[in-house]
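Order as written gives the chain letters A, B, C and D; numbering starts at 1 within each chain.
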Amino acid sequence: MNAFLATIARDLRLATRRGGEAALTLGFFVVAITLFPFGVGPGPELLGRIAAGIIWVTALLAATVSFDRLFRADMEDGTLELLALQPLPLELVVLAKAIAHWLMTGLAVTLLAPLMGLMLNLPGDAYLPLIAGLLIGTPSLSLLGGVGAALVLGARRGGALIGLLVLPLFLPALIFGVSAVEAVLIGMPLAPHLLILAALLAVALPVGAFGGAAALRLALE
Amino acid sequence: MDGVNSFLDMGGYAATVWPAYGVTLAILGGLLVVSLRSLSRRKAELAILESQRERPRR
Amino acid sequence: MPSFLHSLASPARFQRIANAIMPWAVLLTVGLIGTGVVWGLAFSPPDYQQGDTVRVMYIHVPAAWMAMACYAVMALLSASFLIWKHQLADLAARACAPIGACFTAVALITGSLWGKPTWGTWWVWDARLTSVLILFFLYLGYMALAAAFDDRERGGRAAAILACVGAINLPIIKYSVEWWNTLHQGASVFRMDGPTIDNAMLWPLVLTGIGFNALFVVLLLVRIKSELLARRIEVLQRARAAGRS
Amino acid sequence: MTAETQPAGLVADHLTCERGGRTLFAELCFAVAPGGALLLTGPNGSGKTSLMRVLSGLLPPRAGRVLWQGKDTAEEPAPWRRALAWLGHDNAIKPQLSVSENLAFWARLTPAARGVDEALEEVGIGHLADLPAAMLSAGQRRRLALARLGLTRGGCWLMDEPTVTLDTASLARLSAMIARHRADGGLAVIASHDALDLPGAQSLDLSGFAVAP
């Protein structure tokens, strides 16, 4: 457990020292969102209707942009092969890195989402389901994206490939994240949507850990 | 010839039915042709390589 | 069990089995698809609602079946490659991907052509269409990943992991898309009146369906043979390079 | 039957390794007992690094087994991972972290027997502990990587070219460090071009196991 926490703590510390990681993702998130009013027109009514969708789609894209760095730096400086040889199973290393990634991207995006909601004229009732959905849904993204990031290690044009590999897998999280907001707006219960997001997370945990570890072992051979 | 014409007309949906069959033929037939051509090209390449390998030994 | 599979899957043995199956598969492909298509186009009745557009069904529906069946075969081959590390499984899985992608493309395009007169639009974000589109993306991702490595073996294994992850996620995607669709649009537009399908329409559909399976076998065998040759060429070239240096 | 008769320490049992379709070495066997050391030599491309990676478990061998204390490391990786300390080509140093932070992380991941400061002193960079690792020279980085091995007591050190970028004084320190490790009951497998002072070490020339193409 100590080793697991140490891995999370190290990734967080590295990210804050470098300063770029979280800021880059958040910067992409904010800039991409500001593009939408230009694309669909600044009418507050239209923006308010599609605000939840915009925020979710942009969160997926922002996460995708950040995956390339998840394992690459550790691969290049030899840290990854050492991590693979530690007593801590590689599956747990992958989980630890996914958690650290989520804290820096998913959580940061979730915290920033209400502000973006204000800018996009998101209806008042929609804030709770949006934030709750992002909170439960974005960890799945970090886990599944981790598999993609591990798979493209050693591939040519790896960074460009990740999006093609993982965005289709993100679709369920997007669907239920947005439907949670819509359900609340039409007066339906919120809980089923959040429970499905939690179920997706329960699937993504083993898939991310075992798939990611298998892909990393392959990359280290 | 009226029967042929009405067959080709497909009850007014010629623009739907014939392109659908055409596209299917183009894609699946195309894949088959591409696969067969790569097979025969590789067969030829292998034949050349094997003949080159035999020569210096004998 | 693994050793039994291995003996079954040695290249020489594969060649023998493939050569034995091939003529039958070709015969079935030509005969069944030919009969089914002629039957479907010329002799089956037009639908009382959709008119002659229903004739698209005889290729569209089998293509959609094959799109999914191909992925299942590819994922099974990938899993067995990861477990038993047999090269032939990797070869076969890679050979599956373009075939599956082509069947998926056929299903999407014929569906779109059929959709125009039936629903008045080329594309609807219907649950089935959307999940087939995602399936198409998964095939593309698999092929891109398999080709993105300089080391062939490594690319094969990375792609195999992706195929397995996709196999777990594909049903999830499919059901979430279905649920999303019913939430947004109510009842699906895509209604085939499945149970009421007439025998005169069922038969050509079954014929082309089996014919497409046979076509899949033909394509798969040709592509595996071709890949085996490519590996043999690579080995010889490498031996030559090593001999001259 | 072989499992009981295998000696303690590290045993390579008929290892065959293949990379990129080429067999690097075949039927390679050796045994290193606790307190022993093995020096791997051989020209570039003879497969020293590949052998090290096979021993560590990073690269599965084409055939054969690696045994640690009589147990197959592929089947029971846990005891082997606890005993193993790995030094690869790359130093696995994060320039954003300080020297002691770099080492402290690995100390938390491995069962460290000694303190971070002690390990840094052993390689002669104790006075640099607070500096960001980005400030270190190439030789100092290699010594920081070596300090990671110095954290452990006993066990097995796998060192791939440990002497790269080291100066003469550091070479002497490395020899002393390996001697201390062996005296503690540890063993080491070292692939190196440089002559290291390794009293009583076995030597293995990999070119003797090459397979004619």
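Structure notes:
Quick note on the criterion: contacts are C-beta pairs under 8 Å (C-beta built on N, C-alpha and C of every residue); 3 or more make two chains touch, one makes a residue touch a chain.
Everything numeric in this text was worked out from a predicted model, so none of it was measured.
Of the two chain pairs considered here, C-D and A-C, the higher C-beta contact count falls to A-C.
If you average the Cα atoms of subunit A and of subunit B, the two centres end up 43 Å apart. Centroid to centroid, with C-alpha atoms defining each point, subunit C and subunit D lie 48 Å apart. Note: centroid distance subunit A to subunit C, computed from Cα atoms, is 31 Å.
With each centre defined as the average position of its C-alpha atoms, the distance from subunit B to subunit D rounds to 56 Å. Shared interface positions of subunit A, defined as residues touching 2 or more other chains, are 221.
The multi-chain contact residues of subunit C, meaning those touching 2 or more other chains, are 151, 239.
Pairs of chains meeting the touch criterion: A-C, A-D, B-C, C-D. Listing the residues of subunit D that touch subunit A in their complex gives 53, 56-60, 78, 81-82, 84, 86, 88-94, 96-97, 101, 105-106, 108-111.
Note for the complex: subunit C touches subunit A at residues 82, 134, 137-138, 140-141, 144-145, 148-151, 154-155, 157-158, 161-162, 164-166, 168-169, 172-173, 176-177, 179-180, 183. By the touch criterion stated above, subunit A contacts subunit D in their complex at residues 2-3, 6-7, 10, 13-14, 17-18, 76-79, 81-88, 220-221.
Across the complex, subunit D meets subunit C through its residues 20-22, 213.
The touching residues of subunit A, when paired with subunit C in their complex, are 144, 147, 151-152, 154-158, 161, 164-165, 167-169, 171-172, 175-176, 179, 182, 196, 200, 203, 207, 211, 214-215, 218, 221.
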